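Next up: some structures, all given as structure tokens.
In the two complexes below, subunit A is the common chain; its partner is subunit B in one and subunit C in the other.
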Partner chain A sequence: MKKGVLLEIRDLHITLDFDGDDIPIVQGIDLELPAGKVLALVGESGCGKSITSQALLRLLPREVRISSGEINFRPTEDQSPIDIAPLNKDGKEIRSIRGNQMSMIFQEPMSSFSPIHKIGDQIGEVIQLHLKVTKAEARRRVIDLLDKVGIPDPEQAVDQYPHSFSGGMRQRAMIAKSLACNPSILIADEPTTALDVTIQAQILEIMRNLKDELRMSMIFITHDLGVVAQIADEVAIMYMGRIVEKGPVSEIFNNPQHPYTVSLLSAIPRLGDLSDRRKLTSIRGSVPSLFERPPGCAFHPRCDSFIPGRCDTQFPPTSQLSPIHEVHCFIHENTEKEISS
Partner chain B sequence: MSRLLRVTDIKVHFPVGKTGILGRPANYLKAVDGVSFDIQRGETLGLVGESGSGKTTLGRAILRALEPTSGEIVYEQDGNSIDIMGLNRNGLRKIWRNMQMIFQDPYASLNPRMTVQDIISEPLLANKLAKGKDLNDQVVDMAQRCGLNTGHLSRFPHAFSGGQRQRIAIARALILHPEFIVCDEAVSALDVSIQAQILNLLKDLQVELNLTYLFIAHDLAAVAYACDRVAVMYLGQIVEIASTEKLYYSPRHPYTEALMSAIPEANPEQVMQPVFLTGERPSPTNPPAGCRFHTRCKYATDECRTQVPALREITEGHFVACLHSEGLSLKGALEHGKG
Partner chain C sequence: MIRFVFSRFVYMVLTMAAVSVIAFILIQLPPGDFADSYANKRQQAGAPITTEELDNMRHQLGLDQPWHIQYGSWVSNMVLRGDMGYSWEWRRPVADVIGDRLPLTLALAFSTLFLMYLIAIPIGIYSAVRQYSATDHLFSTAGYVGLATPNFLLALILMYLGQKWFGQSVGGLFSPEYQDAPWSWGRVGNLIEHLWVPVIVLGTAGTAYLIRTVRASTLDELDKMYVMAARAGGLSPMRLLLKYPVRMALNPIVATLGWRLTYVISGAPIVGVVMSLPDTGPLFLHSLLNQDMYLAGGMVLIYCAFTIIGTFISDLLLILIDPRIRMQGN
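Entry: the complex of A and B
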């Protein structure tokens, strides 16, 4: 593993068992999460971004499994990496990582808490499970955490039940819970999608502070390119189970190279060009179902740069446009050679 | 432009809790509490606000799909002013030919046991407006306009993707050639690439069929793209209404400022600097006295706690309900980007 990399995914394949047939959901993705950075996994519904994040914690649904690949996790620089992929999903090893060194925030703060236990007890449980502390110490720590995520009057909030929290407050409590054991990686799956824009801004602010102050590394799953631009350092664009382009956030937004990335960026309404009210460039058709995956590059039926006989037969290899920017598309096949020659 | 619809002091109160031997409601949830505005023919009026601000209730109340508690709704048709509140069931059925609705979730709004052909035909049949070949021709024509493959009309909704389903819902809403459409979060559930298709389709249809939209949404960037004017709701009332440019770039109400400054622009160089609201949204059963926003407003003074600000016109076409609007210098969308 490279220096400064906390998590490395190598050629990860995930399949869905559908009545005995193996349907590929994720087809060989490679990713690296550098320490202290926010990596955004971006794509439309069904692209495999959520499944990938669940695989990291071995939280996949029963009928979905990792069929091959490596997930190498190195909590600190001096430790040797652990491969999470082959671990028993209910075993001791993954349980000592899950919620402890790597934790997760979900989209629905409503359904992520038990309605019949106090907020403080639910967060305290995580602390007591992983760290050797007394109940009183755990409670003290919960109050600190609630305070850190901006919950007013944490001394009182700790004894409240989830129903008395608003959506935004629950999401804060959820972040507090995920931070309970000082994880080295935070995985956030659409953490702001269900929230109002003003609350979303507050949650993003909290997450940005975590990144700046605690040097927290995060994997941020979202379909909202506005949110990506505001929070991410690195971006990976996914389409039908594959990463089609990845690079630093400024490269992806200012210099997108994959036709899918280009179309996504021109399909979103922006405030910057309110005055000229141009028509949005839409992408024709829609994402095919997993059972009708187009051969070759799955985007080819919707792509304006489609090369017959090429795009529909083979998935394009990596074109390394620069040391930090890579794309999978045949239109860039020769670009790389020019750079290297 | 001529006026299509005038809404005056409309209220929708829901009874909550029961008390006493007569079972009178203990209190009322004031989902919409005294809203007035006009919609001009051919325009798109946006309606934004946090969840629970009463946007959807207002959209339904205008059509009387949900019965308003009080207020006046006047619809202009062929030079006649029609008082919608005074209509009986029959009168409503007739006026509904002109006023239709598109919903958020195209998975829930289409009957799974009807074919697409039947779904789109239903309004014509229910109103006995067409049959036989004429019916079929109208359905095929509308399906084409909405970008549906006319060879697939005998299929059931489950065979279609979310974007295609929303096209079916649009075709159904437009088959009676209405003039006014309430789009309630019509693109919110759709993926980015599909959202653009539907937004473009709604715009094309507006020009083609001379439609007027009330566009309810929480996605402020989509609203900015789709709407000519925008109204902002807070706790059941309109706090500001203006042209899209004015409302986004020169808001005059502190709540609008909070919304606009919180839009995450898809540009990593434009780091947002949101103006945060303090506290939580109060309950609409027991709204604060004075200005309803004062509990969360950083500019609030003693006056705001007692005086109810009226919605007043401060510059032409720009209405705001804030006592101190003239004295405030508020941030708009992308303000931080202007340097």
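Entry: the complex of A and C
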């Protein structure tokens, strides 16, 4: 494992068991999460980004499984990494990582808490599970956490039930729960998608501050490039279970090289543009279903740079445009050679 | 919360009042009255009754009064003096006739309910967690067969098998030597020995149905986001299952407790008649056939009271287990 990296995904394949057939959902992705950085995983619904994030904690639904690949994780740089992929999915090892060294925030704050248990008890549960503390100490810590994520009157909130919290408050509480044991990695699966824009900004702000304060690394799943620009350091663009382009945020935003990335970026509406151009730009066609995956590069039916006989027969190999910028596209096949020669 | 309980209580009383009117109308609906059916019997016995005697009898029993006056005196006697009227057939007060047999009906109903929940809840949860496994399919098949078998048929089959294999009559609730004996531990033991057959008969379909309900409501909860969120906290599978999805899946089960009780009690008459049980089932049937008005009315009222009280109890339980319902009252 490279220096400074806490989590490394190697050639990860995930399949869906559909009546005995194995349908590939994620096809060989490679990712690295450096300590203290935020890695954004971006793509349309169904591209496999949420499934990838769930695989990291082995939270996949019953019919979905990791078919091959490695997920190497170490809580700190001095520790030796363990491979999460072959662990028993409800065994002791993975359970001691969940909520403790690696924790997760979900998309739907309204349904991420059990409606019949007190907020404080649901957060305290994680603390008592992983840390050797008394009930009273756990409660004290819950109140501190609630205060930290900006919930007013935490002394009272700790004894409330989720239904007396708004969506934004619940997401704050969810963040508090995920931070309960000072994890080294926080996985956030579209944490702001279900919230309205002003609340979204507040939540992002809290996450950014806490990330720095607690020196965490973060994997941030989203389909919103605006959010990526606000919070991420690195970004990986996914399309139908594959990473098509990855690099630092500024590089990807200023110098996108994959046709899919280019179209995604041009589909962002900009204030002012709307007056002269009535219609929003959109990407031609729609994402095919998992059962009708186009051969070769799955994006080719929607791509303007489609090369017949090439793109529809084989998935493009990695083109290392620069030490930090990687793309999978045949239009860049020779660029790499120019660099290396 | 106290207000919530109080309002539920008021509803319960109002429902009871409405039900008493309906019960009274229902037993008045069939053509003829007790005097007619009495006259019929005399006719068949070869000693016909004169029209004058018949009118006299009607007058004595108050059957010549308009129905609302009859209803009024029935209800006021019941509420003010606990007097449920007189059974002409048995020539005893209705309260005594029912009182003799009600404890057995209750013993049967509650042991059936208890066993139903005891069996159905674990099986339902297991079937949900291991959905589509061989065991799940086995339980589902057994459940459908259980649901589809009419309970009188099941009663006949069990009685036949009991006779054939054990050489023992499984009808009734007591062996002959305990039939009219005073209550003693021996008699209780004897009752338990006999009780299992009607319990199986009454409980099979209900258990099968309950397994489906528990399985479905647990399955609903298993896929909820909060389950994954709790799993992501590091909880062990068993603790997770019992603390979150199962707790939530209890709601619909508790909420239907009220009519589950009625279901068991209203299934009892047929089984009671087939298996000649000394409980209220056969009593109810005969009171209807003989137009023994106050006895029939009293029975209908008691069956309804069970439903209403059952619903009230399940409301109270829901308040205990679900904070969202608790808060609603405030």
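Everything below uses one rule, namely that the second predicted complex is superposed on the first by the 331 of 341 C-alpha atoms of A that agree within 3 Å, B and C clash if a C-alpha of one lies under 4 Å from a C-alpha of the other, contacts with A are read in each partner's own complex, and residues count from 1 in each chain.
In the analysis below, a contact is a pair of C-beta atoms (placed from the backbone, for glycine too) under 8 Å apart; a residue touches a chain by one contact, two chains touch by 3 or more.
The structure presented is a predicted model; accordingly, all values stated were derived computationally and were not measured.
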Task: Could you check whether subunit B and subunit C clash or fit when both are placed on subunit A?
output: fit
- prompt: Can A:268 be said to touch subunit B (first), subunit C (second), both, or neither?
  reply: first
- request: Scan A:304 for contacts with subunit B and subunit C and give back first, second, both or neither.
  value: neither
Message: Once chain A of both complexes is superposed, is A:122 in touch with subunit B (first), subunit C (second), both, or neither?
response: second
Query: Can A:19 be said to touch subunit B (first), subunit C (second), both, or neither?
result: neither
- line: In degrees, rounded to a multiple of 10, the angle subunit B-subunit A-subunit C between CA centres equals 70
Message: Tell me the contact category for A:78 with respect to subunit B and subunit C: first, second, both or neither.
response: neither
Field: Chain touching more of subunit A, residue-wise (subunit B, subunit C)
entry: B
- request: Have a look at where A:292 lands relative to subunit B and subunit C in the superposition and call it first, second, both or neither.
  value: neither
After superposition on chain A, the shortest CA separation from subunit B to subunit C (Å): 11
Query: Can you list the subunit A residues touching subunit C in their complex?
result: 54, 57, 59, 90, 95-100, 103-104, 106-108, 111-117, 122, 125-126, 129-130, 161, 163-164, 174, 177
Query: So in the complex, which bits of subunit C are touching subunit A?
result: 224-226, 228-237, 243-244, 247-248, 321-324, 327
- prompt: Which residues of subunit A touch subunit B in their complex?
  reply: 44-45, 152, 166-167, 169, 196-198, 200-202, 204-205, 223-230, 232, 249-250, 253-254, 263-265, 267-272, 274-275, 277, 279-284, 286-287
- request: Over in the complex, which subunit B residues touch subunit A? Could you list them?
  value: 50-51, 161-164, 191-197, 199-200, 203, 218, 220-222, 224-226, 244-245, 248-249, 258-259, 261-272, 274, 276-277, 279-281, 333-334, 337
